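You will see two complexes here that share subunit A, one where it goes with subunit B and one where it goes with subunit C.
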Partner chain A sequence: MTESNIVMETIDLTRDFGGKVVLEDVSLTVGPGEILALLGPNGVGKSTLLKLISGMLMPSRGEARLWGESSWPPSAEMYRVACVLDGMSPPYGTRVSEIMSLKSCVSHRFDWKLATSLCEQHQISTASRWQTLSKGQKRWTLLVAALASGADLLVLDEPADGLDVATRRELYGLLREQSNDRGVTSIVASHIIADVERVADDVVILANGRVRLHSPLEQLRDEVFEVELPIETDHSVITPMAEVIFSRRANDALIAVIRFRSLHLAEQEFPGEISRHRVSLEDLYLAYRQPQQPPAQAEQQGLANERSH
Partner chain B sequence: MHISLNHHSGDPLYRQVVEAIRLRIAKGEVEAGEQLPSIRDLAAQLQINSRTVVKAYEELDRAGLVVMQQGRGVFVASNRAALPANERRKRLHELAVKLLVEATQVGSNLDEVIEIIHDTANELETKK
Partner chain C sequence: MHIQWPLFFWIFRSLSLLTLISSSLATAYVLLHDNPLEFFLDVNAVVFVISHSFLISLLLGRVRSESFAFLYSQGFSRDLLWRHVWLATLTSVLATWVPCAVLILTPLRSQFQDWMQNPWFPLMAPAESRFLTRSLLFYGMLLPIFHYEWIRSSMPFRGRVSGHLLVIDYFVCGLFLTERLWYFGTDLARTSMFLGFITISAILGLFGYWLHKRLEVGA
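Then we have the complex of A and B:
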């Protein structure tokens, strides 16, 4: 990626809260029009990362950059970013129209027509006051304000919270549309993997504040398989061709979720390969969350299984 | 052009698009020389990244099934370049293995498989 092709970049981004490290050495890049999904269990640092990116938090070390400018202190580029983050709530009594007005003050590209129609479709009157809206309507209102803002980058933290399936699909459809039509980039933290699988171009899995995986989703679909191999197969047979993400020995086979090091290598078979099939993002996510078994321990377990036969 | 995508199968989306279009061409639902939806339109309709559509069209182009013409669009190729005999046999052999393994697993036999192949061929033929 060349300099001008990078929308968002983090370099060794680290943040601790009172000595507790929440995010450590996160280095990521996101290009224009990409939809990046951040996956990881609660408390893994997703929200902190989004706040650091959007200039709402100061890094302890490293930095986040938007269009080449540091996010801290927030640069003049910030007007090109629209966020829907956790715990955002307008003051009591604010009308929907005022939320939109506020956005349109920041962005001269604010699309009133889009904002009004997206609200109307969800039975939200622009005259309504914030506290009279349902949980889902509140979430949708904030999302509409971001979507209509004409921003070049959307930063969304669990945007589907409180939305029903149809609305979630609509939201992700709109993100795709803005990406394809205007090259809008989105960074979305979500724990609803089925949604992510539908829309993401790139996937990041965070674990213990670090990046465990960063890859284009289509590439994962091409390269990741669950293979069943003879029980005596050693990891060293696999590793020249593929990374072992997770493996277990079950009954009389070694079952491993692996990622081939290239699409070309994925055409080859392992000695004695019994079967292989593709895995969903959900299964892959779970595989990444399993603690890696040290080979010696795996060996023992394999032997124990054999003995039980 | 309606294509159903399965986002959760783990199959790359561009492959699913390639397979769907290959099937349509095989069935004669789209004819030689016919224009396929533009990259932009197909991406919008399927709600997928336009790069995924480009990748699918490029793969079909490489396979000689479509012709991508800069600035004009994507068209179904008129005379499909046949694969060299050894390549062709290799590819069909792989598919035959899959089919026969599946057939054994569901308790079918060779006769039934052959019968189904004939029936399917007839089906495709009548749709042309």
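Then we have the complex of A and C:
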């Protein structure tokens, strides 16, 4: 990715709160039109990362850049970013139309027609007051304001929170549409992995405030498999050709989630011996959530568990 | 200055009730007060201006509230937000004092008091215009300090310095308010005090503007 082709970039981004490091040395890049799925358990720093990107928090170290400019202190370019973040809502008594009006004065590209039609489709009148809306309607209203804003970057924290499955699909469909039509970039933090898997181009998994994985989703689909290896497999053979993400012993085999560095090499090494199948993003995420351990240790652990049973 | 009206109304909304109350109180006070209005001799007026300024800053500076974070996450530049915060502040002050100014300058107040057979009026009416200028001057001194304080106390690296400055300011303010200095001090003392106060307010106003660009939201 060339520098002029980068929408968002973080360089060694670190943030601590009162000495407790929440995010450490996060370096990412996102290009135009990409949809980046940000995954990770609760409290891992996803929301903090999104707030740092959108210029709401100051990094303790490193920086986040938007179109080449540091997002802290927030630059005049922030009008190109639309955020739907957790813990932020309009004041009591606000009308839906006021939220749209507010957004429309950020950018002259605000699409009133789109905003009105998306609200009407979900039985949200623009005259409705904020407190009269359901949880899902509130979330949808904020998403509509962001989607209709004409922003070049959407930063969404748990956008599907409170939305039913049909609305979630509609949302991700709209993200894909905006990405294809206008090259809008989206950074989406979500716990509903199956949803983001449908649209994401890139996946980032955070663990303990660090980037555990950053990869194009397509590449992961090609390279990550759950494999069943003979128990006597010499692990030093695996390591040069694959990264073992997670492994466990089951019966007389070693089940491992493996990211192949060279699938061709693996097929040569284990002709016919290796049974493998693709893993979903959800399974991959779960594999990355397990504590990392070398296969030999996993095997020993498996044996120990078996003996104790 | 380009005014974004939806943004202005959004910000001013939090001051609307306060402004309604302050305007009603100030208007009633100005109309009914039976002594000639002299700002620094009138404790009620001084307390009113301090309270009004403090409440304006308190309502606009609820940095930890969800609605504040929402507004600051909408993509407005910090400069634009800062200008509109001040515009809302100014509107609240003017909405409170313009009716008072009308009463004093037209001079409805003088006629009303004369009608009530107050012996001070209409004789003292021309001198009361100073009441307006001094109260507005007092707002001008207090508001930058209060706005600075809510921003300063929300910074991630907040320390005691802001508190100290504020205490100094209050101290100066307290001295300023002692009629002894104002009315019986030397010209040099009065001028120094006045200039000192103006300088502190101006510096804190500029610091407030600078820090507002670096205000953390939703931490």
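Everything below uses one rule, namely that the second predicted complex is superposed on the first by the 283 of 309 C-alpha atoms of A that agree within 3 Å, B and C clash if a C-alpha of one lies under 4 Å from a C-alpha of the other, contacts with A are read in each partner's own complex, and residues count from 1 in each chain.
By definition in this document, a residue touches a chain if its C-beta (ideal position, glycine included) is under 8 Å from a C-beta of that chain, and two chains touch if they have at least 3 such contacts.
Quick caveat: nothing in here was measured; it's all calculated off a predicted structure.
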Following the overlay on subunit A, give me a clash-or-fit verdict for subunit B and subunit C.
fit
Quick one: classify A:240 as touching subunit B (first), subunit C (second), both or neither.
neither
Looking at A:279 after the superposition, I want to know if it touches subunit B, subunit C, both of them or none. Which is it: first, second, both, neither?
first
Regarding the shared-chain residue A:54, is it in contact with subunit B (first), subunit C (second), both, or neither?
second
Quick one: classify A:76 as touching subunit B (first), subunit C (second), both or neither.
second
Touching partner for A:180 - first (subunit B), second (subunit C), both, neither:
first
In the superposed model, does subunit B or subunit C contact more residues of subunit A?
C
Based on the superposed arrangement, let me know which partner A:88 touches: subunit B (first), subunit C (second), both, or neither?
second
Between subunit B and subunit C, what is the tightest CA to CA spacing in Å in the combined model?
27
Which residues of subunit A are in contact with subunit B in one complex and with subunit C in the other?
none
In their complex, what parts of subunit A are in touch with subunit B?
33, 35, 172-173, 176-177, 179-180, 194, 197-199, 201, 218, 221-222, 224, 277-283
Sort out for me which residues of subunit C touch subunit A in the complex.
4-7, 9-10, 13-14, 66-67, 69-79, 156, 213-214, 216-219
Show me the residue ranges of subunit A that touch subunit C in the complex, using the header's touch definition.
17, 51, 54, 56-58, 72-76, 78-83, 85, 87-91, 93, 98, 101-107, 149, 151
State the interface residues of subunit B toward subunit A in the complex, per the touch definition above.
7-14, 40, 43-44, 47-52, 55
